[in-house]
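Read from first to last, the chains carry the letters A, B and C; within each, the first residue is number 1.
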Amino acid sequence: MRDCSAALWPCAMTGAVSCLTGLEGIGVVIHGASGCYFYPATILRKKIHCTFLVEEDIIFGAGERLRELVGTLGKTHDVVAVVNTCTPAIIGEKIEDMGEGPSVIVIDSPGFLGSYEEGFLAACRELPVGIDPGHPGVLVDGLSPLDPFYAGNCLETLRLLGRGGAMEPVLFSACPYTCLSHLPAPVITTNPDLHAGFGDMQGTFLGIDETVRSLSALEHISDNLPCDQVEREAEASKEEIARVCDKYLQRHDPPTVGIFGGTAYSCFAAALLEETLDASITCVGSRNPAALDPPCVTGATTLDQVREFLDRDRPDLILGSSFEHSLAPGTAFVPFTFPIRGMVRLKARPLVGIQGTLGLIEDVLNALLDR
Amino acid sequence: MKNWPTNSSRTEGCTLTGALSVSTSIADGLTIIHGPDGCVHHNASLLHALWHENEEGLFPRIYSTSMTEADVVFGGEERLVETLHAANRLHPGVICVLSSCVAAVIGDDVSTVCDTAGVQAVVITTGGFLGGGFSRGVSEALLALSSLGRKGEGNGTVNLIGEKNLEYEAEANYEEVNRLLALLGAKVQLRFVRKIPAHAISSLGSASLNILRDPSLTDVGRALEARFKTPYLSAFPVGLGGTLAFLQDVGEILGIESTDAINCEERYQKNLAVSFSDLDGSAITLDRGPVTSHVLIDELQESFGLVFTDQGIPVRLPDPLPVGTAGLSRLLHRWRRACRA
Amino acid sequence: MKQIALYGKGGIGKSTTSANISAALSDTGLAVLQIGCDPKRDSTRMLMHGRLIPTVMDQVRERGDREIATEDIVFSGYGGVRCVEAGGPEPGVGCAGRGIIATFQILERLGALSGDVIVYDVLGDVVCGGFAMPMREGYAQEVYLVTSGELMSLYAANNICKAIKRLSGRSRGICRLGGVIGNGKGLDQEEELVSRFAERIGSSLIFFVPRSTVVQKAELHKKTVIEYAPSSAQASVYRKLAENILANKRMDIPEPLEVEELEELAYEFIKD
């Protein structure tokens, strides 16, 4: 029987918009009604434009309205990206033809096509990307403005790669639009779920060992990468983690943990907590389950699925969104995926790199100790 | 742009959000959205955020028919039947069914599916943005749910119609109206619809007065009057004079002598003027917000000595306008804070 | 009030048939309303002496749906037949089906759906929910299929049967198949074929309209046959058709044929 309870993950349209708003210089237009606009506009807190369609536009065609908005935005932007929503997509109006005016990218990822990741990657495919083999830098992808770790991951990446002007990282999606035409070939991802597919993959920054490994893979490209320095930092950090985790385990049993979020992040957190705290992972609930996921991953895309896992396992600790938190308000909780409601979060928190792992362990232990 | 119609507000949000703001406030209810999962997530997440602010905890009970591209092409009515049966297995107090713009544009016939599926449901005409905007969604939800009301004789009580469930100060406004009604010795029978079980709606027709939250619900007030013969007042009270008039109107309709209540409220209002006497002569500049009320501005000048100029302290009238005397008092506290800052 | 809808393949002569039925009915003193539900907006043209009247959707486009009055969209044509065209977007843009739905909402709000008979003339095929609108919500209770003996025309009629069957199976579905109107293209044994088709889908042939040059002549004069050549044999045919429709009490839930059955049926008549 199909599970009909509320979906916990946004739609493809939202994913596309998230991707595009990270690119400076693009005017992003949602071609749809205000109801489709408000959610991405409020959750992303970025300037997004909208054609604000009403019924009459659907009957007579909304092309003129869209052209007018695109024309206005073209005066202040290098390029305008139009993200299509369900109803204009169904009536199948041709929106590619914007006539004379600014350069326009059309992303046809209406909500009914699928989930957030699919829309994010659909936007990646439509962007006019060029790889420049002579580019001395590295492309870091997987960065989505909707991600609660977005700002933190950007900062940690810059810290690791840019130290001492070692390498010129291009962050995707967190760079000027004009960078896209000459991207560096080597790629490191901060989130394999959102790997855009441009360039040659060198590894990820999820986890301390992975970070060191990925950096060494880049060593042959740039000889002034601070690999030794990072390795020393990595070793010291791992010792610190071992120390605090040992201390915790002196007084407590290893926690049982339910993890909810995107597949890549969740698998990373599961492995980390097993390794460092000997935690028993009751559930790796993925918001974006795919056919090739490791066997430990189960789909947790609806409220009833999550409720079932939490009722079944009653974990000591939950990593997830405020949906999970509100289903088990008494359980130790670490905000791990959006939405994160009901708490103030201002500072940049990374999940990747050395600081990301330190931050996660810190949050986990504090949440467990505060229980 | 040539004569685009101006009959609907382009920016007020989706009928789904409006209708859900009503239907999800039925504590034991379940709402089905016939549409793609994205619509459900957007709205559920929004309600979840607002409920969090209002400390109502959990998560609205919403089911999705999860329409996909294949359903768009071949029609999504079977999905709706399936979802109705799944919802029914939980035995909710009431099942409400809303349709998205996707369902509306491909022409899925939600009413007929619900009629024939053998599951009792209240169909709320929405159609996503194709059915209008947020406020239309609110009205349609109230109208549809009123079918659960039974006819009855006026029993001297009051129903509150269409409280703004997404409003941060909804409970405070309720308390203010309740306080005013208590001055007259009148009682609220039904909050239609806010935090009630579905069966409570059956009493809708037995109150002697319906008080609408604001005039945008006049259609609803009229429909209830036609069906249950219950007279209505078109808004919660705003302003000093407005609050006194409210007491008088309620008294008249319920056949209660209101002189004492009005005198009592007038004393409260005079005390308020004294307690804000420090504001006398303060120069303030009203930001052009979404709402304005000349009557209210005049009262603020006359009763509190506020001076409205172009170079004063910037303040704003909230949307919606403050309810009753207590609402005005809280507004003045905020303005006082702005004047002192 | 009798509400009938004519459905059939595009170009089969629905508009000509509808207009002549409306004209013939109005001659008997009945108050008739004809609604063209096709963006190409020429259903009522012969009743209006060649004039393409402003459509409901034109008016919505120009002034918004709340500003429309009945006289902006309902025009009086031959014999006092009230004519409405739903209209719609330019070809290739927008959503015509949604326009039909909006038209019905407006007509209902204005209380314009009145009279003794309403004739709905609907675009070729039920391609999306919008074009099923006249059959839904109790608007058109009787559907008449207009078809010639050509296979593609029968095929379209058979498809529409599927929609009628589907919609009539619902508790509020009061839409039924009233019968089949043959509109001759001059094929051999055409009336027999259409009649057999009607039987096979569980319905009956209401009347067979033979091909006639008077129809083209009348159109060149921008009139219905009823008006242009009232004493012609073709005018009598349309009058008889209108009479049969008015008198028809037989309402069926059709049983659409499988494609193979339909082809076999057509084949029988070619072979002979």
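As a working rule, contacts are C-beta pairs under 8 Å (C-beta built on N, C-alpha and C of every residue); 3 or more make two chains touch, one makes a residue touch a chain.
Remember, predicted model here, so these are calculated numbers, not experimental data.
Interface comparison, A-B against B-C: more C-beta pairs in contact at A-B. Each chain gets a centre from the mean of its Cα atoms; the one farthest from the centre of chain B is C.
Chain centres here are Cα averages; for chain A and chain C they lie 55 Å apart. Each chain gets one centre point, the mean of its Cα atoms, and the points for chain A and chain B are 36 Å apart.
Chain B and chain C have Cα centroids lying 45 Å from one another. Within chain C, contacts with two or more other chains are made by residues 60-61, 64-65, 95, 98. Across the assembly, chain B contributes 4-5, 105-106, 130 as residues in contact with two or more other chains. In chain A, the residues touching two or more other chains are 55-56, 58, 90-91.
The touching residues of chain B, when paired with chain A in their complex, are 1, 4-5, 8, 10-17, 32, 36-42, 44-46, 48-49, 52-53, 57-69, 71-72, 82-83, 86-87, 100-102, 105-106, 128-133. On the chain C side of its complex with chain B, the touching residues are 60-67, 95, 97-98, 101, 128-130, 132-133, 136, 169-173. Chain A makes touch with chain B in their complex at residues 1-2, 4-14, 32-36, 38-39, 42-43, 52-56, 58, 64-65, 68, 86-87, 90-91, 111-113, 115, 303, 322-323, 326-327, 329, 339, 341-342. By the touch rule above, chain C contacts chain A in their complex via residues 57, 60-61, 64-65, 88-90, 92-96, 98-99, 102. The part of chain A that touches chain C in the complex is made up of residues 55-56, 58-63, 90-91, 93-94.
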